[in-house]
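Please find the structures below.
In what follows, chain A forms one complex with chain B and a second complex with chain C.
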Partner chain A sequence: MKNTSAVAVRKGVLTAIILIFLQLINMTAALGAMLEKMITSAKSVKSVSPLFYGVIVALVAFFIAFSFIRSLYRPGKPKPTPLYCLGESLVIGLVSGVLIAALNALISTLNANGVKIRTYLDMMAPDAIKTAAFGREIPVMIGIYLALTIAGALLGGLIAWIIKSTGQPANAWAALQRAIAENHTIRFIRRNKIVRILVIIAILIFVFALPFILSPYGISILGLVLIYAVLGLGLNLIVGLSGQLVFGFVAFYAIGAYTFALLTAPKPLGLEFSFPIAFLVALAISGLSGVIVGLPIMNLRGDYLAIVTLGFAEIIRSLVNSNLLADFTGGPQGIKDIGQPRQPGFIESLIGKPMPENIYFLYVIMIFFAVTLYIVYRLQYSRVGRSWEAMREDETVAQACGVATSYYKVLAVIIGAVIAGAAGALYASRNTYIGPGDFVFMVSVNSLAVIVVGGMGSIPGALIGAFIIKGVPELLRDLENYRMVVFGVLLIAMMIIRPEGLLPIRRKKIYAEPDKDLEILKKELKP
Partner chain B sequence: MTEKTPKRTQHILETEDIIINFGGLTAVNNVNVKVPYQSIFSIIGPNGAGKTTFFNCISGFYKIDSGTVFFQGRPINGIPTDEVANLGISRTYQNIRLFSSMSVIENILIGQQPRLRSNSVDAIFQTYRNRREEKQSIQKAANLLDFVGLSGYANELSRNLPYGAQRRLEIARALGNNPHLLLLDEPCAGMNPHESDAMIELINTLRSELKITIILIEHDMKVVMNISDHIVVLDHGEKIAEGTPEVIRNDQRVIEAYLGSETETLVEKYARRKNQGKQAE
Partner chain C sequence: MTLNFFNPNKKKSSGVRRINWLRIIVGLGALAFLIYRAIILITRPTYGSVFWLSFLNTGLIVGGMYALIAIGYTLVYGVMSLINFAHGDIMMLGCFAGFFTFEAFDAWKIGDSNFMNMYPGLAIFLAFLAGTGVSMISGYYLEKIAYRPLRNSPVRLAPLISAVGASIFIETAAQLMFGATKKTYKNPPLLARGSGWNIEMGDGMIVITKTGVFSLILALILMIGLYIFVRKTKLGKSIRAVSQDKNTAQLMGINTDRVASQTFMISGVLAGAAGVMWGIHNGLFNHYVGFLPGIKAFTAAVLGGIGNIPGAMAGGMILGIVESVGPAFLGIDFQLKDVIAFSILIFVLILKPSGLFSKNASTQEKV
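And then the complex of A and B:
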């Protein structure tokens, strides 16, 4: 028991460290403001009210105490008594309260004495210090902090104890899953073919209605997410399936985008091809670039490949950025007025008026996404996809099993390049403007992140990953400056909780009845 | 084996003076073997004798420094490993090397790679060829799984199989290639007597029913003496003896290679040390 008290003190220190860190980067206030915005539904909150600031402080203590008390319930150990739980929570609250109050007392005193804290701690403006002190005198402030952390921790401990001792909601997740597995309606949907088709139709109708439901902002985000999903599917073939680390994936994306842009824009080449022709040429050129990159790297493995492709991407970016080629590529200014697909006539006659541009384009992206999905799915669950996976697992053995590794490597790079080129052309057409700034190294990193987060080699994973990498930062806009901090924390947490990705690759079940006849096998095995 | 020079076609595999060096070390030195069709041919020798290196030379993992490997009368050294597999040479590995995060049946489907023809275009458009080939290869994989006694495991991940099952899966994967020649690298390593008996039976069936020639590396003398038609003994990369199990069993050089020529002096040395230790107490 003495041992766990020491742990409780440590947890208290941890709470204090988190609180201090949050305060020093002024995130407590930002989170408080976000909470206030949500609850009071105010449009914007200039300075957070002390109430919500306090709630955030208490919440931190609450979660630490909650998880600590929960962790006391281990199989084989005696169940802690409620009084003991409360005592431990009290320790956490007390320790963290004292520490955070001490920090604030120090800062407030220094501030009162005219020390410019801002020169040392960027975020600690006098206003922020005042907010952190709840606008009160130091002794009152210390009391408030102690009260907040202790109350938060006690509540956390209490709730953890209630949950653990009643055992009801603790297994709620497992219970829910069991319920889903045993539920007759869901089983009915899974088994019954007609119902399944109806459900699929309902989903399709929803997907088709989606562009009309969403706001223009939502449409633009969804478009970007889907383009990244296409990009992710392409990279998935190369990295997730065939296991080759390609760092410069943006090169193919840029080649597709620039080919399309140059062919359709009035300047600098003045070709102004129509969408389908330019799109097909863009696919062909990016495929060709795949061959050019693929052939020399045919016999490279692992790290070398990453470096070569990284170099290739930089070459492409420098080329389009250079003034030398500005007459052909637009140089640093980029390319304007890139062509868009024309709406076929039947849409207008069907709904009476032309569809809004952004909605129509979202449909175009959706169609290309669906086509890519189909191709990738077919490839993955075929002889080709299996060979790629075998190469990823063990290249030497795969080759000894008869997989022509050089061929399959180049094939993966080419198909991935074509898909990336398609994504690039769509991006260019959607934006109507592209410049060298659109094809920086971060695009490669993001597309890698898409498949790592979603799950290497998993097709639905690429969609989920694209949503998380491109969609979630937009949802987090309310956090303003802390957006990327929270996003980073989310990514780290996700990779700790699910290292294999959110939707890891699922093996397709293959069934066949053995013939149980040696004669048939003999015939089959005739060399 | 007759004394006169045999025709190439009488032997499925023949090596002529193959030498392979790793830096200053000669791992395989002038080894000549002649493996007759449909035989079980064993290679034995102490650890580090160059047995696995010899396998790697045949299957094309290593480039040999000099000499020639003939497979069905045709030189095969220098060609890539996937083409060696296409010719009908399959192998297993000393430390099991399955595609561990793929399912059991997928492992066997990969093994059939050299016998499949459909390509990526077939796969995307689901052509007739693709569907027929997929169906046939899955059926064959199921039959192979049944043959090695793993039919219940088809959709398990191969890394989750028990050890002995993984060994048998490796053999099934190698069989997917419809091999003429199967190289088995210590198939009975780490097995209990019961399991090795089952393995012996499996290997015998491979030869008698499926007409496959087998080259075997094995440390378990019971297995080797039981099933081999012919044995070659390697030591320090050189062939020191060759013949039927009876010949090898009584060969003085083989005994020395395994136990060391100074075995007795070593025993004496340890006995002396032991005595010294007792006196010190």
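And then the complex of A and C:
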């Protein structure tokens, strides 16, 4: 038992480090403000009230203590007594409370003595320091912090003990699932074809009506999410299916966007092509860039491929940004007034007036998304898709089975590049302005994150991933500054806890069942 | 058969070496272009010799820093077969640690002077100690948190994606904590930025800065020290053993987990030193300072053959020099030096994927 107490002290220090980190980047206050907004339904919270700030502090201690006590229940170990659980939780709360209070005492004293902390720690403005001290004197503040962390940790330990000793929510959940599985009505509804078709029709109607339901803000977010989903589907072919890690996917995206922009914008070249022609040319050019990139890199594997494509993307960005091509690409200023698709006449005759621009464009994006979905789906379950999967699983074996690996690798890069080019052209047309700032490395990381979060090689995963990566941060605008921090942690945690993604691709498992198969064989071989 | 054009690396059992047309075309094309530029420069010189020497000077200084960072990549790749994508960000943390140390010494008043003016040598030493220490600790925890749980991950890309996550996390956390504005290093008077020796040449003057000389010498000392360390000590021996064959090393009683975390600490030390040098020499920096040097140092490591320590040192120096001489040589804008660095990466990987200095490419093909 001595050993676990030392672990408890370490967990306390961990809690304190998390708390200090959250305070230094002022995330505690942002989280508190979000909570306050949710609970009190206030429109905007200027400075978080001490109550909600404290709740966040306590919650951190709660979660650490909860997971620690849960981890004590291991098979083969004696079950800890409730008093022991509470004692360990107390240690966690005490250690973390002392440390975080000490930091705040230090910062408050420095602030009171007129040291400008903000020059070094950007988020530690005097207001933020005051909020973190709950607006009280130092001794009171230390007491509050200790009370919060100890209360949070004790509560966490208690709940973990209750859950573990009764096994309740898990058991109830399992019982519920069993009941659902055994219920005849539910099973009938699930298996029935007509019900299924009805559900699909309902979903289609809902999707079709969606642009009219949403607010303009919602329409713009949905457009962005769908563009990222298209990008994710393209990258999914390269990374998820054919197993080549491409880090510079933004290069193809940028090439598609710039080709489209140059062909339709009045400024640098003055071509002003119509939407379909420019779009097709953009696809062709990005496909060509896929060939140019794909040929030299196809002998590289894994990490090397990642870095080379990253270098390629940086080359494209530097070239676009440079003065060398400024007359051609607009340089750092970018390209303005990019063309948009014209509405066909029948829409106006159908509904009497022209459709609003943003709604019409959302339909255009939806159509392209559907087309991409169809193409990718057909590819995945074709000979080509199976060759890609074989290559991803084991290149040597795939080669031995007659898969021309080099050909299929380049093919994956080309098709992925065309899809990315389409996404880029749509993005350019939607925004009517593009510049070098739109094509930074983060776009590559985001599109990779889309498929990692959704599940490698999984098509519905790409849509879910795009919604999580692009949609959720837009919805949580309060946490805008912090989303990249959270995202980084999420990537690491996801790789450790659930590396296959949220909606992993389900593979048909084929097992040989020796006894059964032998029986069948014997029957079939009987004369 | 036509596919063999795409497939130059496949070794045929017959032992006949296939001619790799792609490599030959690309190599000859690049060579022809370089010769063409050289002829143009000789017939119509646009820069005097002073310019070339000062470009070389800049290249050597930057190259030393690249080399230090590249060693970190090479060591980690050798031991864990992993590109430590967050290595540039560890360098950035070292840069910040040095900055805060100098700020503290500047604010520490002793009499009517301050600590930095009174003991400049000690201040520099302590700043390097802080920078290397912070980078070492962050390297240790980086390995422990982001890479160790993924050692036996079923998903092949998991460690690399985790590395990207760590990189994003460190960068944005530093941005939020310390602010996005660029900061300026406060150098002690001993190493004031811009001061140095002016050397008169025929048609001009070369400025050799004190910070540059200091950085280059320190980088060389650290590199030699590391080389001796890896060659002579027991830990160095186990690092070499693990990078040659992990399983056999384990059978010989080497704790590979411990070697991995110690490797991360060593590479952190070198990156931290490079970070403080970067700050002292260039002055301006922010949370984004590690990104480009990180990728370029990786280029340098590939250039020298990844897993090869002297190769990484040479690769860093070569990359630094090429990057600063290249734009003038090719007659293009100096904005495009990054393009040159990354083009070198692509060319090396097409022409000689095992790196310029690899001896036994056939047995240790890591691509």
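What we mean here is this: the second predicted complex is superposed on the first by the 426 of 527 C-alpha atoms of A that agree within 3 Å, B and C clash if a C-alpha of one lies under 4 Å from a C-alpha of the other, contacts with A are read in each partner's own complex, and residues count from 1 in each chain.
Here is the rule we use: a residue touches a chain if its C-beta (ideal position, glycine included) is under 8 Å from a C-beta of that chain, and two chains touch if they have at least 3 such contacts.
These numbers were taken from a predicted model, which means no experiment stands behind them.
Looking at the shared chain after the overlay, A:Ala105 reaches neither chain B nor chain C.
Within the superposed three-chain model, A:Ala404 lies in touch with chain B and with chain C [touch as defined at top]. Applying the stated contact rule after C-alpha superposition, one finds that A:Pro499 touches chain C and leaves chain B untouched. Legend: residue contacts after superposition of the two complexes on their common chain; A:Ile292 is shown touching neither chain B nor chain C.
By the touch criterion defined above, A:Leu525 lies against chain B but remains apart from chain C after alignment on the C-alpha atoms of chain A.
Contacts of A:Ile162 after superposition: neither chain B nor chain C is touched. In the superposed pair of complexes, A:Leu319 makes contact with chain C only, with no contact to chain B.
The residues of chain A shared by its contacts with chain B and with chain C are 404. Residues of chain C that touch chain A in their complex: 3, 6-9, 22, 26, 82-83, 100, 103, 145-146, 149-150, 153-162, 164-173, 176-180, 291, 295, 298-299, 302, 332-333, 335-336, 338-339, 341-343, 345-346, 349-350, 353, 367.
By the touch criterion given at the top, residues 375, 378-379, 382-387, 389-390, 393-394, 396-405, 411, 415, 507, 509-518, 520-522, 524-527 of chain A touch chain B in their complex. If you check the complex, the residues on chain A that touch chain C are 21, 24-27, 120-123, 239, 243, 245, 295-304, 306-308, 310-312, 314-315, 318-319, 321-324, 404, 406-407, 410, 441, 445, 448, 452, 456, 481-482, 484-485, 487-492, 495-496, 499-500.
By the touch criterion given at the top, residues 59-61, 80-82, 84-86, 88, 90-91, 93, 97, 99-103, 105-106, 109-111, 113-114, 116, 118-120, 122-124, 126, 130, 133-134, 137-147, 151, 154-155, 157, 173, 175-180, 209-210 of chain B touch chain A in their complex.
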